[in-house]
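Naming follows writing order (A, B and C), and every chain is counted from residue 1.
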Amino acid sequence: MEITLQLENFQGPMSLLYHLIERNKIDIYDIPIFEITNQYLAIVEEAQKRSMDVMSEFLLMAATLLEIKSRMLLPKAKSEEGEAEIDPRAELVAKLIEYKRFKNVTEEFKEREETASQIFYKEADPSLHIFKQEEMVELENFLDGVTFDDIYMAFQEVLKRREKKVDKVRSSFKSIERDLYTVEEKITYIKDLLIISPKVSFWEIFRENVRKTEVVVTFMALLECIKMKMVSISQAGTFNEIVITKYIGSELNEA
Amino acid sequence: MKLNELEAVIEAILFVSGEAVSLAVIADAISMDKATTKAIIKTLADKYRDEKRGIHIVELDGAYQMCTAAHCFDYIRSIYKSTKRQGLTQSLLETLAIIAYKQPVTKGQIEEVRGVNADHAVNKLVERGLACEVGRDDSPGRPILFGTTKEFLRYFGFTSTKELPQLDENIVLNSLELAEIEE
Amino acid sequence: MKLNELEAVIEAILFVSGEAVSLAVIADAISMDKATTKAIIKTLADKYRDEKRGIHIVELDGAYQMCTAAHCFDYIRSIYKSTKRQGLTQSLLETLAIIAYKQPVTKGQIEEVRGVNADHAVNKLVERGLACEVGRDDSPGRPILFGTTKEFLRYFGFTSTKELPQLDENIVLNSLELAEIEE
């Protein structure tokens, strides 16, 4: 037979072996091991002359094939209790089948790869890293005053409590919600708002159903922002929408 | 293309670019003149605003940009800096203690000890870099195992979890006895 | 909050994040339980799809991410002149398929199926973010276990690894039939 196959074109010994079986239109469950081994060896020998590097795996398979071939030549040992004869090719067949199952599914993977490549995802807004950074540098603050003793005691406490019943009175206490707004807080709020949204309408800086005190504090914060040249205010005409944008040249991100 | 197809394309372009896209570029992409394109974008932007959607389209010097609506801002910030001003709460401290001493530990096991849902506390600790996933348990559902991070050890001056002070068995025992007496 | 307000917040969160956001985080942000949150996201995603919008919401392993609709691909490409993505080679595809179905899996186990050293392929896949280390096997030498990533799901448009196409069982069935005939 003609040898036009080049080893470099195969993904590995299974790929080559599988190709030979397909090319010879062989029933995978009845591999003519002599013929296949010969073809396989011929290709490997040919390639061996060119490169030794990629050879080891192919040679390992060659050895396996030769071993099967020799076992097929041996007279069949009589099995006790009429057990079914194990075909020396069985293990190889099982491996080929498993390989084929994965190889088959790659076709569908390829199609899906093509379809999915038409969909784009957006990068995270670069401004978001500011929020995340703030969070990271704060570990010290977060754990401020906490010693390992506290953790040690907390664990003891948990173990202790587990034995006791939960204190029903205490566990029913709810935390008291903070209801205090500061101008500083609201300045940060307006600045952060402009990081995510480059242009905000005046009414948008007030949250819905806010209390009067919050409106007042927010408005004072806005005035402060204007004074500190952090934001610009514009209005196309009387009674038109008042628009807040970043003051040109101010770098909110560095604030 | 029909109008809603044009709107869809503009939407996709603005979404993916992440920054302001000039009118000219958008007009070019949908093969329309600038005036028509501008009108379509305006309609789309108005629709977003009228429907109080979470995404808005704003104009900036003849370019257009997609951004989040201001009224959603608090929720976004809550994700990224939810713990900004509060320190380690009792609930977090206890959860951290359990993770430190029982690691690797699953959320389920933490819940078992504390008797309350551990989702929030564990997420917070992971977010703060104090706890992290360290593998999966072999039990059904292969739940995530949590442990403390290098930052945690560094902060408290340990080099390995093996250095954590051993629990004083006596204290535990005493406390249990005490509990019995109290009952 | 009313339903459309909740939808708006989810929209804003998904828009701004630029990565898949877990159901737990979204549920936390809108103060709803996970089941309700999931239902709201599903409704929103369906609406986007039904209205043939330019933006879609996809599920990735219990997390959600916003992306462009495939039908807008040509227009986006016309603007960004994005060159076509280099597809994976046959060798990488085969390796990835084995990882996807057999995860968590060691290099050794991959090599057993493909009969060829898996170092290069696995490294490439890890480099491209399609596979990652997920732990260590308990067998001698504690070899690294590999699994697929969220990027893998995105790359092939799966919503979870549970959605992988069935492996062809026929090949095995045939062998049984054949064995029966032979008897």
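Observations on the structure shown:
Quick note on the criterion: contacts are C-beta pairs under 8 Å (C-beta built on N, C-alpha and C of every residue); 3 or more make two chains touch, one makes a residue touch a chain.
Since we're looking at a predicted model, the values are computed, not measured.
The most distant chain from chain B is C, comparing centres defined as mean Cα coordinates.
Taking the mean of all protein C-alpha atoms as the reference point, the chain centroid lying nearest to it belongs to A. For the pair chain A and chain B, the distance between C-alpha centroids works out to 16 Å.
Mean C-alpha position of chain A lies 8 Å from that of chain C.
Between chain B and chain C, the centres computed from C-alpha atoms are 20 Å apart.
Contact of a single residue of chain C with at least two other chains is seen at positions 15-17, 66, 68-69, 76.
Residue positions 120, 122-123, 125, 128, 196 of chain A each touch two or more of the other chains.
Chain C contributes residues 15-19, 56, 58, 65-70, 73, 76, 84-85, 87-88, 90-91, 93-94, 96-98, 101, 112-117, 154-158, 164-165, 167-168, 171-172, 174-175, 178 to its touches with chain A in the complex.
Within the complex, the chain C residues that touch chain B are 4-5, 7-13, 15-17, 21, 24-25, 28-30, 51-55, 66, 68-69, 71-72, 75-76, 78-80, 134-136.
On the chain A side of its complex with chain C, the touching residues are 11-15, 28-29, 57, 60-61, 93, 95, 97-106, 108-110, 112-125, 128, 196. On the chain A side of its complex with chain B, the touching residues are 120, 122-123, 125, 128, 131-132, 134-136, 138-139, 141-148, 150-152, 154-160, 162-164, 166, 192-193, 196-201, 204-205, 207-208.
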